[in-house]
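By written order: A, B, C, D, E and F. Residues from 1 in each chain.
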Amino acid sequence: MPAKATQPHNHQTGARRAGGNTHMDTIFTGLSANLLSPIVLFFVVGLGAALARSDLSIPEPFAKALSLYLMLAIGFKGGAEVARVGPDIDLLLLILAGVILSFGLPVIAYWALRAASPLGRMDSAAVAAHYGSISIVTFIAASDFLESRAVDFDGYLVAVAASMEAPAILTGIWLARRGHATGKVTQTPSLREILLNGSIVMLVGSFAIGWITGADGMKTMAPFVVDPFKGVLALFLLDMGLVAGRGLRSSARGLDARTIGFGLYMPLIGCAVATPLAILLGLSAGNAALLLTLAASASYIAVPAAMRLALPEARPAIYATLSLGITFPFNLAVGIPLYFTLAHAIA
Amino acid sequence: MPAKATQPHNHQTGARRAGGNTHMDTIFTGLSANLLSPIVLFFVVGLGAALARSDLSIPEPFAKALSLYLMLAIGFKGGAEVARVGPDIDLLLLILAGVILSFGLPVIAYWALRAASPLGRMDSAAVAAHYGSISIVTFIAASDFLESRAVDFDGYLVAVAASMEAPAILTGIWLARRGHATGKVTQTPSLREILLNGSIVMLVGSFAIGWITGADGMKTMAPFVVDPFKGVLALFLLDMGLVAGRGLRSSARGLDARTIGFGLYMPLIGCAVATPLAILLGLSAGNAALLLTLAASASYIAVPAAMRLALPEARPAIYATLSLGITFPFNLAVGIPLYFTLAHAIA
Amino acid sequence: MPAKATQPHNHQTGARRAGGNTHMDTIFTGLSANLLSPIVLFFVVGLGAALARSDLSIPEPFAKALSLYLMLAIGFKGGAEVARVGPDIDLLLLILAGVILSFGLPVIAYWALRAASPLGRMDSAAVAAHYGSISIVTFIAASDFLESRAVDFDGYLVAVAASMEAPAILTGIWLARRGHATGKVTQTPSLREILLNGSIVMLVGSFAIGWITGADGMKTMAPFVVDPFKGVLALFLLDMGLVAGRGLRSSARGLDARTIGFGLYMPLIGCAVATPLAILLGLSAGNAALLLTLAASASYIAVPAAMRLALPEARPAIYATLSLGITFPFNLAVGIPLYFTLAHAIA
Amino acid sequence: MKMHPKKRIEIIIELPLQGRITQVLDTQDVFGYTIFSAQGGRGQEGPWQRDGIVGDSGRMVAIVCIVDPARLDGILTQIYAVIERQIGIVSVSDVEVVRADHF
Amino acid sequence: MKMHPKKRIEIIIELPLQGRITQVLDTQDVFGYTIFSAQGGRGQEGPWQRDGIVGDSGRMVAIVCIVDPARLDGILTQIYAVIERQIGIVSVSDVEVVRADHF
Amino acid sequence: MKMHPKKRIEIIIELPLQGRITQVLDTQDVFGYTIFSAQGGRGQEGPWQRDGIVGDSGRMVAIVCIVDPARLDGILTQIYAVIERQIGIVSVSDVEVVRADHF
């Protein structure tokens, strides 16, 4: 099937070629275009349905399958892209930058929460860990945003995303324990548990396979990982909207304004901290936009589970509501176009 | 990917252009072609497997996911189609007609059951509610039938379908309670529960997104909502066949011939009642065929759940077997070609 | 959508045309190419993740859905292919050969286990039944291997695969009971239970529908059963890797070297026994490769469930580990290229 | 280990009714409950199987609720009012719990 | 509230065996039972996990059946005949039910 | 039928904690346990629903473990050490089993 076979390449080079006219994008047109994209609208439908107490719901095993698919696809495409353009020495530097951000951002987040919110040590440390780590769906939404604007970025950013998931967990635990002799058996998740976390394995494994199999692999996998990708993402975001809406409905009352405020300004702090790194590394606009987005995003899958084990006294209603109910929608709707405008300016 | 991008439009205009030669279709060739379509055959395999007590089964979370997908796709495609041809003032009239049918048909159904079946007040009212409401899968099968015959119809019919789900529930409850002082706390589902029912939200939400995002949205979503659609429908119909077959096997003995007969003639009554409305509104053949199909179809998801709450004394074995085991296969195999022939004659 | 509509045919005739240059394939290049195919690599990722105790897992209802999809797709494609080239009188002979292999191979397997392993009568009989029956995923992987090398094979091989699932179960039960008066009520699964097994119904039903609907049906179903097929297969093999890895981790210690050895040489025996039959029937290289693969593969879905019922004293840890943990990976990585080379030589 | 006697209520009920029962439990100030989805079963209405059903109707769930014995009677009266006209089984057994808080 | 003493039988058994047990319950004129799918577990054969299994073999289900104490012994004898050679755990506990019909 | 008295421990716990509890059971030489996935519930932290959750956090599972009464106290002490700081409910009831082996 020759026409089909070359499609992913056409698609990707097409996306990369037309990068020029995005200079015209102002932040406002970018924002309004983003707000009317199918994926944001599906999120809004889910959010609205949950807030209006509709019984619409996506079965959990299927929602999990959708998220596995998204990680497989984004990983594989990233790897195949690296195979196409060749690996880049910058990859290692960028991973290093990501790891530093993931280790460091929780310290800033913790300090902000202790200074300007009523949250105690445990809750602050747990929330902080979430904001050092990343949200892979936010990353995917940002890639989608870039692709639909034909902005170039490197496939290996997926590896950067994977490397930023775990370090923040260690900082969060350290923040909670610092200076407190824990009489009880400490229950830190082991490094193996953190690093062999399902989503990291799926991302890195698919990335490796995409890299190894390259263009041939892409030809085989494209009708699965490329063609239906955006549709699956839209359906998954419907579910994220439902989850965020239910979370908001049941826990938002419990959060005071300063805590909610943190969910809105912390992504901007993350983005601000990542900006000098992006300049220092001389990243392209696309790569920079993704790094800023990663820094600005907050985990809602891996870190909550780790916090239940390591810091059980921290209240899940707080960190889950903040990262999934406040920061995720903020990034999806407003953050991504913003980070892209900034990345464009510094690149 | 230019070839891909224009495909949905090609596909749809293609479907609309060739409408002429369907004049040749007689009801018999239409019927036999329909009986040999993959989706009907997959239903037959499912039905046969269940009747032969095979252990073939589709996991429920996945079956639910398939039905969510179908509603997302049909809603989105309808909305995108409205965006393409512009909204139509007829939409409101057609919705009104649909709502009237949904409110009114249960009265006829109730009267028929009391007159010509052994069912009591409760069972008759519950069954009647099912036949006023609609089956979205029957609607999808009818759209598929029209598309494969290149017959034009309007995207907004999806909105008509959504508006016909709920009213019949209210009539059914009214029929059951009429003239009976209910000493017990009445347990009518609230209007919010009925209108924010998951399938209505999914249909209407996707329809709105399709409309808002239009051709651009369709370009993005087509490989998800258009390309694999018929295959997913076939798999879902396999499951429907399994469900219908299991239901028939365990409950058919309990139904007497006059009740089973109702499941066969009531769709024809529904179709007959809708026909003057279709003429009055001057519907195209495609639109008329879909309206007749909606009137003729019976609910098997939303109404059963509502009846368990509102009329718990009504026996589910009766209404589930009738709507899913008798009327659904009848419409799928025989009804749809019939309603189309009729619609063709009156348009 | 004309371009799309003809694709499956292009695809298949393309695959068949280019058969010539495979003569160049040596077993080593075939092997290394196979080891680097996406599906084998996804299996390896799953295996590695499970052995390293990652918490990566595919929800069971979704994994079951993937396997139903694969059977639907392979069955439908096989049937459509038969419709395209016309049925073949050889089909019946080949089914006969398959049934003979399925009945006969367990006798050889049983004899080998009793002679050269510490397993007792029950365990040996249960294991033997697995090796007479077949693994449909191994069959699919082999078809995929042939397609990617543009080697011709007939669609009706799917029917051969289906017919080989069940007979071995009867031989296995007979081997276990031979010469032992079973005082207890014998609990043989009924013939209906064995023959109407879900996977056989799905395969044969889809095969029949593909055959009946032919090219028209294929046009409708191709974007579902052809395009994403390899991607779904890759995801399913990831799950198979996880399952195999978990099984190995928890039970491999219990198996002694001679038993493990059986899992490696028995496929070769199966292949060797099937070879004269392939020569006798004058099979093409593609058909021969698939028959050899079926003979060499071992069941891991239908037979284990039947053995729990019929031979409860046999230990599942032994037969599941052997067929899924040893033989399946062996066939996937090494066996398929080997059987193909052999088939090529004898055709 | 010091144990505290409680009652374990297990309510097997149709899925569409779930909301009504949990509403009763919520108004009765029950401290918590956990819901399990059944996979199949049989009753006087015949057998059912989750994987052979479309929609919510016909599926059963089990609501497990551990309560203080003193609250039992009030809760049961309220639950009974809901399930009286419906399909549903309510059974109560004696259990001991390790922590006495939240019951 | 007036309560009636019954017995709750809980049978944890391999999925492939489910049909045989329900057949026994059906012939014993048991009024009903409900089946729950287990997600994982461990036994003498080692640990298992539903999300790491293909096919039915190796998965466990729990069949819960509330019966009149008078019927208990007959039912247990029949069940035992089925599971004797199989993996499976049968436990019985005392419960009280609200409605005495259908047991 | 000859029955043997045992204890049925039911531990309702967050999914992320499951591994720690089963580890305790494994070291306590418990002969087996079976895990059920809950579909939803409510507690002091508010309601939750499996189909409205992404990830493992926030979901509950029930671990059912039938043990010999003699082992009960040791097991409970160990379990309590794990769940002390966590969300979780441990309840124990009396059951009788048909086969006395493997408990």
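As a convention for this text, a residue touches a chain if its C-beta (ideal position, glycine included) is under 8 Å from a C-beta of that chain, and two chains touch if they have at least 3 such contacts.
No experiment lies behind these values; they were computed from the predicted model shown.
Graph distance from chain A to chain F, where chains that touch are one step apart, equals 1. Set against the Cα centre of chain E, the chain with the most distant centre is A. In this structure, the chain pairs C-E and A-C differ in their number of contacting C-beta pairs, and the larger number is found at A-C.
Per the C-alpha superposition, chain A sits rotated 120 degrees relative to chain B, a value rounded to a multiple of 5.
Chain E and chain F have CA centres that are 18 Å apart. The distance from the centre of chain A to the centre of chain E, with each centre set as the mean of the Cα atoms, comes to 45 Å. Distance from the chain B centre to the chain D centre is 35 Å, each centre being the mean of its Cα atoms.
Across the assembly, chain F contributes 36-37, 47, 93-94 as residues in contact with two or more other chains. The multi-chain contact residues of chain A, meaning those touching 2 or more other chains, are 3, 57-62, 64, 227-228. By the contact rule set out at the top, the touching chain pairs are A-B, A-C, A-F, B-C, B-D, C-E, D-E, D-F, E-F. Residues 14-17, 20, 45-47, 49-58, 81, 85-87 of chain F are the ones that touch chain A when the two sit in their complex.
Within the complex, the chain B residues that touch chain A are 1, 3-4, 59-62, 64-65, 68-69, 72, 192-193, 196-198, 201-202, 205-206, 208-209, 212-213, 217, 220-221, 223-225, 227-228.
Within the complex formed with chain E, the chain C residues making contact are 50, 57-60, 63-64, 67, 184-185, 187, 239-240, 242-243, 246, 250-251, 300-302, 304-309, 312-313, 315-317, 320, 324. Residues 3, 7, 10-11, 14, 36-38, 41-42, 45, 48-49, 52-62, 148, 227-228, 230-232, 234-235, 238 of chain B touch chain C in their complex. Against chain E, the residues of chain F that register as touching in their complex are 1, 3, 6, 8, 22, 25-26, 31-37, 61, 64, 66, 93-99, 102.
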